[in-house]
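Below: one structure, written as structure tokens.
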Amino acid sequence: MINKIVKDMAEAMAGIRDGSVVLIGGFGSIGQPNVLIGGLIEQGAKDLTVVANNSGVGHVGLAALLETGRVRKIICSFPRTADPVVFEKLWREGRIELECVPQGTMAERMRAAGAGIPAFFTPTAVGTKLAAGKEEREINGRRYILEEALPGDVALVEAWEADRWGNLTYKSSARNFNPVMAAAAKLTIVQTQHIVELGTLDAEKVVTPGIYVNRVLHVPYGEPTVT
Amino acid sequence: MINKIVKDMAEAMAGIRDGSVVLIGGFGSIGQPNVLIGGLIEQGAKDLTVVANNSGVGHVGLAALLETGRVRKIICSFPRTADPVVFEKLWREGRIELECVPQGTMAERMRAAGAGIPAFFTPTAVGTKLAAGKEEREINGRRYILEEALPGDVALVEAWEADRWGNLTYKSSARNFNPVMAAAAKLTIVQTQHIVELGTLDAEKVVTPGIYVNRVLHVPYGEPTVT
Amino acid sequence: MNAAAKVLAGCKPMTRREIAARLADDIPEGWYVNLGIGAPLQVADYVPAEREVIFQSENGVLGMGPAPAPENINRWLINAGKQYVTLRPGGSYMHHADSFALIRGGHLDLCVLGAFQVAENGDIANWSTSDNESAPAVGGAMDLAAGTPRLWVLMEHTTKTGESRLVRRCSYPLTAIGVVKRVYTNLAVIDMTNEGFAVRDMVPGLTLDALQSVTDAPLRMA
Amino acid sequence: MNAAAKVLAGCKPMTRREIAARLADDIPEGWYVNLGIGAPLQVADYVPAEREVIFQSENGVLGMGPAPAPENINRWLINAGKQYVTLRPGGSYMHHADSFALIRGGHLDLCVLGAFQVAENGDIANWSTSDNESAPAVGGAMDLAAGTPRLWVLMEHTTKTGESRLVRRCSYPLTAIGVVKRVYTNLAVIDMTNEGFAVRDMVPGLTLDALQSVTDAPLRMA
């Protein structure tokens, strides 16, 4: 019997290596798997590259991970949410590398990684300093730049419901980057509000099919705080 | 009040021009909008390029459209379903052009068109005769070819449920190419089994949001025949 | 008293909310619209619910409604500005790759962004002032600006120190090139044409000459 | 009596169904598997339901179950071979771009395809015999062959006229290059290695010499 539900955080985090590229879901704190981030801090992997839309708020969640000093680089569209105190300090001190990527390009680079597309052309950022060093090509009279896939070694994902095959649903705008990251990583670890019996999720409504999920941890931790 | 539901077939087909690229949903006959295809025959546009996974069966649906002689070219992965009598005859007589495209490349080329991606690299078809004339590049030690977006002027789509904003759901494997084509065409025309009140579709379950839909025709025509 | 201050004294400039209302009047029923964070978000307040305009938020919300009453907050439902919002009947959710496929694919009818500068060639600069004190943060601005066929900018006509935001060429880092179609400022509504800026209308009491005196790029009447 | 006929007379070749059953034995629980149209589809019949193997169909079905009883047919639910199937509890649907993203992205554990020829460099030819009498039709074969990290081929060892299907180089148009990992024929199970074909096991009564006599490419024991 396939059972991707793990019994505890140690099992969820087992084997994450130093130097990993870790994709972390969420838009701000909505859909961000903060409990798993705590587990990753506990687990101790270092020299990480983190891909996340924002750079953490205050001293919790992603910010707490950055504060450990174990993140070498962050790939991010908007490292400037409400209270980015930890990131800003690290960045000013030159202790973290930042790759600022347009949000849609970041999403599409991960989608490409999951879809076996190594590179694609996009109009986003043409003629701007974020296109510096990138191959440019005119196609049908319009300028485009070439962007490469952005695969992860690990994805940390927050779901609403999950079953033992790893099928997932999300709640409202907490969907955001989570399904894209689940498909883009070699090892996808999920924290879910609800565990449901196999076969109870509507087959027409599953957003992430279990093929993209390796481990599911039940974390009924309640409602997110907007920050 | 936005209302994309049209009153009859004439309104559904209005303005389709000679020379159009017409994307037609379906995998075999499942999810294929046969009633709309009949409407297109009636409407009379000619010199069409049709994009569809198969090439029609017997003398109905897509095959009937081909039989009118108004399709100049078909872009297709598998023009060989059960009884492709019309297509085979046209093709042998040199009266229709065929572009045979791997199924996943065809889907991704349309997805790219809808997503504003003009071209992407793919491993599919590398080293085969379907890669002839295409740009090849090695990326991270693997060979890829460049494929271009495949946009449509018109998409004909079969849905299960639709509301007046054009939000759509599909039934089982009748989803197939329909959502991809809906997003890839300038004018998307839908035949739907059911019309539902705005707000009754589950927001988590809408597969094609109305932004991709222009016209909805209510066609409660019953079950498809597998062929 | 600088040129800008003089001009402002001679007419009645619009407030941010008045600009938003002015812009909202130009959005017809049926359009799909993305409103950038900051001032553009206020535009939604001036589109009456009975005129069905469908608002999209980059974080995967299509059919966004107004802020909820405090007792009805769904804590998983926010907009791009990370404020709680609602979903209208007919609204739906999508993931980030699908959301930006929608944006990049040119499916929106309109995007409204704020800006530091707009140039007469349609360039927009709205994400960075080259201030090296803080880290670069682009968000979805470049995707929205490059992807949407109709980009309107909502901004003050001049900076606080009186410098024109309508320029010959942007001096700040660009967000996208040649994409702005119209600019709504506190003084005027100005179209982008192949021949540069063309003024559609101005606030009462303002003349083209007075407007030109606070505008770096050349203006003409539309 | 040609070489192939002699060899077949000296042993007990497997039927198509026996090959499918032999292959099915090698699929462990938990694998995600795509079965090509034709003979490979029969593999599913030999995986017992209690060993959870998740079958994918290119037309957007993940978690495919066996054919339905006639009274329970869902006429909107077919497999890639356009036969009616069922969905297992835990199954789900996706559209074609997502389905081939899954395939091309290398997420399947296994794909089983039929073939005309497999070459010792891992090339596979399974979509066209260069017969110019009928139109080319590739379907999803190239995507599956190029995308799946583990491709097994299920085919007869020789053609009806006794020609080897395991060849030094394919003469038919290629489906993909260097991708086959293992071949299941009516005579043997053969691994693809960096040194070419390596025989894992043969049907009773068959020797490596006899197998080699009906095989174009050189063989060795694994």
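Chains: A, B, C and D, in written order; residue numbering restarts at 1 for each.
Definition applied: a contact is a pair of C-beta atoms (placed from the backbone, for glycine too) under 8 Å apart; a residue touches a chain by one contact, two chains touch by 3 or more.
If you're wondering where the values come from, they're calculated on a predicted model, not measured in any experiment.
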In terms of mean CA position, the chain most removed from subunit D is C
The distance between the C-alpha centres of subunit B and subunit D, rounded to whole Å, is 29
Return the distance between the CA-based centres of subunit A and subunit B, expressed in whole Å.
33
Distance between chain centroids, defined by C-alpha means - subunit B, subunit C (Å):
36
Listed in rising order, subunit B residues that touch 2 or more other chains are 108, 111, 115-117, 122-123, 170-172, 203-204, 207
Junction residues of subunit D - those touching two or more other chains:
87, 93-94, 100-101, 103-104, 147
Can the chain contact pattern be summarised as a line, a ring, a star, a complete graph, or none of these (other)?
other
Among the chains present, which pairs are found to touch?
A-B, A-C, A-D, B-C, B-D
In their shared complex, subunit B is touched by residues of subunit A numbered 108, 112, 115-123, 139-140, 142, 144, 148, 169-172, 202-205, 207
Along subunit A, where are the residues that touch subunit D in the complex?
1-2, 111, 113-117, 163-165, 167, 183, 198-199, 201, 203-204, 206, 209-212
Would you pull the subunit C residues touching subunit B in the complex into a rising list?
29-30, 32, 50, 52, 54, 56, 62-63, 87-94, 100-108, 147
Okay, in this complex, where on subunit B does subunit D touch?
27-28, 30-31, 53, 55, 77-82, 87-88, 91-92, 98, 100-105, 107-108, 110-111, 122-130, 160, 170-180, 207, 223-227
Which residues of subunit C touch subunit A in the complex?
57-61, 74-78, 82-84, 87, 93-97, 99-101, 103-104, 123, 133-143, 146-147, 173-177
